[in-house]
Amino acid sequence: MATMSSSRLEAFSDGVFAIAATLLILDVRVAPGELGNRLLQTWPSYVAYAVSFLTIGIIWINHHTVFTQIRRVDRLFLLINVGFLMVVAFIPFPTSLIASQLRGNDLEPAALAYGATLTITAGLFNLLWFYASVGHRLLRSDADPRVISGISRSYLVGPFTYLVATLVALVSPTASVVLFGVITVFYIIESSLFGRSA
Amino acid sequence: MATMSSSRLEAFSDGVFAIAATLLILDVRVAPGELGNRLLQTWPSYVAYAVSFLTIGIIWINHHTVFTQIRRVDRLFLLINVGFLMVVAFIPFPTSLIASQLRGNDLEPAALAYGATLTITAGLFNLLWFYASVGHRLLRSDADPRVISGISRSYLVGPFTYLVATLVALVSPTASVVLFGVITVFYIIESSLFGRSA
Amino acid sequence: MATMSSSRLEAFSDGVFAIAATLLILDVRVAPGELGNRLLQTWPSYVAYAVSFLTIGIIWINHHTVFTQIRRVDRLFLLINVGFLMVVAFIPFPTSLIASQLRGNDLEPAALAYGATLTITAGLFNLLWFYASVGHRLLRSDADPRVISGISRSYLVGPFTYLVATLVALVSPTASVVLFGVITVFYIIESSLFGRSA
Amino acid sequence: MATMSSSRLEAFSDGVFAIAATLLILDVRVAPGELGNRLLQTWPSYVAYAVSFLTIGIIWINHHTVFTQIRRVDRLFLLINVGFLMVVAFIPFPTSLIASQLRGNDLEPAALAYGATLTITAGLFNLLWFYASVGHRLLRSDADPRVISGISRSYLVGPFTYLVATLVALVSPTASVVLFGVITVFYIIESSLFGRSA
């Protein structure tokens, strides 16, 4: 059992990532009325779609990065991954709350729900990584120690960043939502620079 | 024909598992009204989502375990697997019934529908396994006899456990639903211990 | 270009098969009212779900069988496969028509739509197979001539069988729908026997 | 990091392509009323379904073609691919707008939205290709220079073609929609000829 390869875990995970991201389009809907105006007024849906799709895409890229370092999986690791995917697949729900409240007057609970989901996602991603990497439990024998500690450092920041952006919603929901967008843009820029230097 | 590999069966199955699990989010919906309160009152949806996602995830882990022992597939095995996936893909339907009745007054038929679906799922999973393993029909030649009989013993319990939890609904639907949750938690703990000991 | 392997074609196809089959559950919905009765009265939805899921599953098994004989793909073959998948992914639509009319009084157009979809599916499947097999265009060099001609014979029957069952709807829609079920059961039995003899 | 293989990128992309294409069926819905007539009057939905499914299928074929030339991926390339998929997964939304307005009186904004989505898709596809191919950054060392420049030439035409068809909507929305269909048919024919000559 201990020598299960990770290929089916990756296939199942890629499926959940792809579906969770693609299902986001189901929440982009235009209300009845003169179509030109309605299309323009639907902008919160487009922004919510883009931010969540890119967020799930970046989580997928990081999941991909982790698995370039992993040699084998065990049942507990599979289970942590299922729990992690359960939260990723939940992202479309708070996303639709944000989109529906971006110009409404109930943005605070929507921002709290979105932020809590992303904070838990980032927390479970760390659990996944540290379960695999502590004591080199599931890593490839030739895994580069500098890459390992680089991943550990950069992922640890995630849950705290999202927790802070979530708590900001208690003071200003709008500022919190802007922060979620800024975090996504930051990760995009960071990924781009990382990619160029490689 | 007899030497078909199992890779496409696994890809198709992973797709159905991933989609069935991810579609569960479509049933998490908030009614109109003051959002903060509504979000809190939606807890039955969250619980139903989590229980069903984790249940499908554990079924996927077990499917994965079975296929580490399998060398080849034949058409009848493919067909049993399609029937099995048909029931797995049905799980979101009784899940949404449970979620909608968890605070309603029609929980009994919802619990019976959910329990019957899970009982049949566990039954077909046994059929899949015993078709492959009896007389080592489809197993790898180096399959460990102890692992084989361990899998056989642990899977046989499944249908009976779910059948009992389903029949409890005739006396107390609430107790039945609690039992479904307990069974899921039990499988999670069992998987964790199995993983650690490996 | 002529030496493209078929692995991505299979992955994309498996995705469409898995999603088309799993989306069928979205059309199983219970009307409001006393849940126990409603659940029993929803039986046309369950039957329609089962017949279409199994039909898509059998198409997938046959697609799988074809690809055990194929060595390479070209762009025109990819294109025929996309057209074929377009019709497979359409199956949930006429299925929901049948389910909604099984006890209504507009069964004839629903049966015609379902039958036409299945007839075209079977026709495009033949196009796919004959494009690949005529002159051994895309087949493996060691493909068994008896297997090839066996596949050709058994697939050619499909479009005509479905066309006849469709035209029966003009006389008796109920008989037509029963025939669709019978064809599915026939394919299941045929697959089982094929599997045993292999 | 620089030597990541492209297999998971392809699996994730195939998932998004397959789901985006298959979700299109959710927008094919028949209004209540006498079913036979309604089914015939729904033709704009069928045409929109077919055009968008085939368009996504052709994009998938081209994505496939690009990856036969690619040896490795880096993070920036993964990110561009995520952005590209975000627009592909958006296609079902403007498709449903077109279908709902094909016999309505708000076709202009629907055609503009559809055309803009396809123009951006084609633009990001070029970005993906030129990021990979400029200076042979990510290409296989044995990539054929003639194939490379052939791909470059044929893909560059895409964004301009879609931009022109989009701008036509400002004068005649109907002509614009007809052009989208013509472009799809053109790509199908081009693919067929390419396939035969290979």
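For reference, chains read A, B, C and D in written order, and residue numbers begin at 1 within each chain.
Simple rule for what comes next: a residue touches a chain if its C-beta (ideal position, glycine included) is under 8 Å from a C-beta of that chain, and two chains touch if they have at least 3 such contacts.
As the structure is a prediction and not an experimental result, all values here were calculated from the model.
Asks: Given that subunit B and subunit C are copies and touch, would you call their interface same or different according to whether over half of its residue numbers are shared?
Replies: Answer different: the two copies use largely distinct residue numbers here.
Asks: Specify the chain most distant from subunit B by Cα centroid.
Replies: Following the centroid criterion, the farthest chain would be D.
Asks: How big is the rotation relating subunit A to subunit B when the fit is done on Cα atoms? Please round to the nearest 5 degrees.
Replies: Between subunit A and subunit B, the superposition angle is 90 degrees.
Asks: Between subunit B and subunit C, what is the separation of their C-alpha centroids in Å?
Replies: Whole-Å distance between the two chain centres: 26.
Asks: Quick one: subunit A and subunit C, Cα centre-to-centre, how many Å?
Replies: The answer is 36 Å.
Asks: What are the residue numbers in subunit C that touch two or more other chains?
Replies: 11, 15, 18-19, 23, 26
Asks: Quick check on the complex: what are the subunit A residues that touch subunit D?
Replies: Result: residues 10-11, 14-15, 17-19, 21-26, 28, 30, 34-36, 39, 49-50, 53-54, 57-58, 60-61, 64-65, 67-68, 147, 188, 191-192, 194-196, 198 of subunit A touch subunit D.
Asks: Under the stated contact criterion, what part of subunit D meets subunit A in this complex?
Replies: Spelled out, the residues of subunit D in touch with subunit A are 1-2, 4, 8-9, 11-12, 15-16, 18-20, 23, 26, 74-79, 82-83, 85-86, 89-90, 92-93, 97, 101, 106, 108-110, 113.
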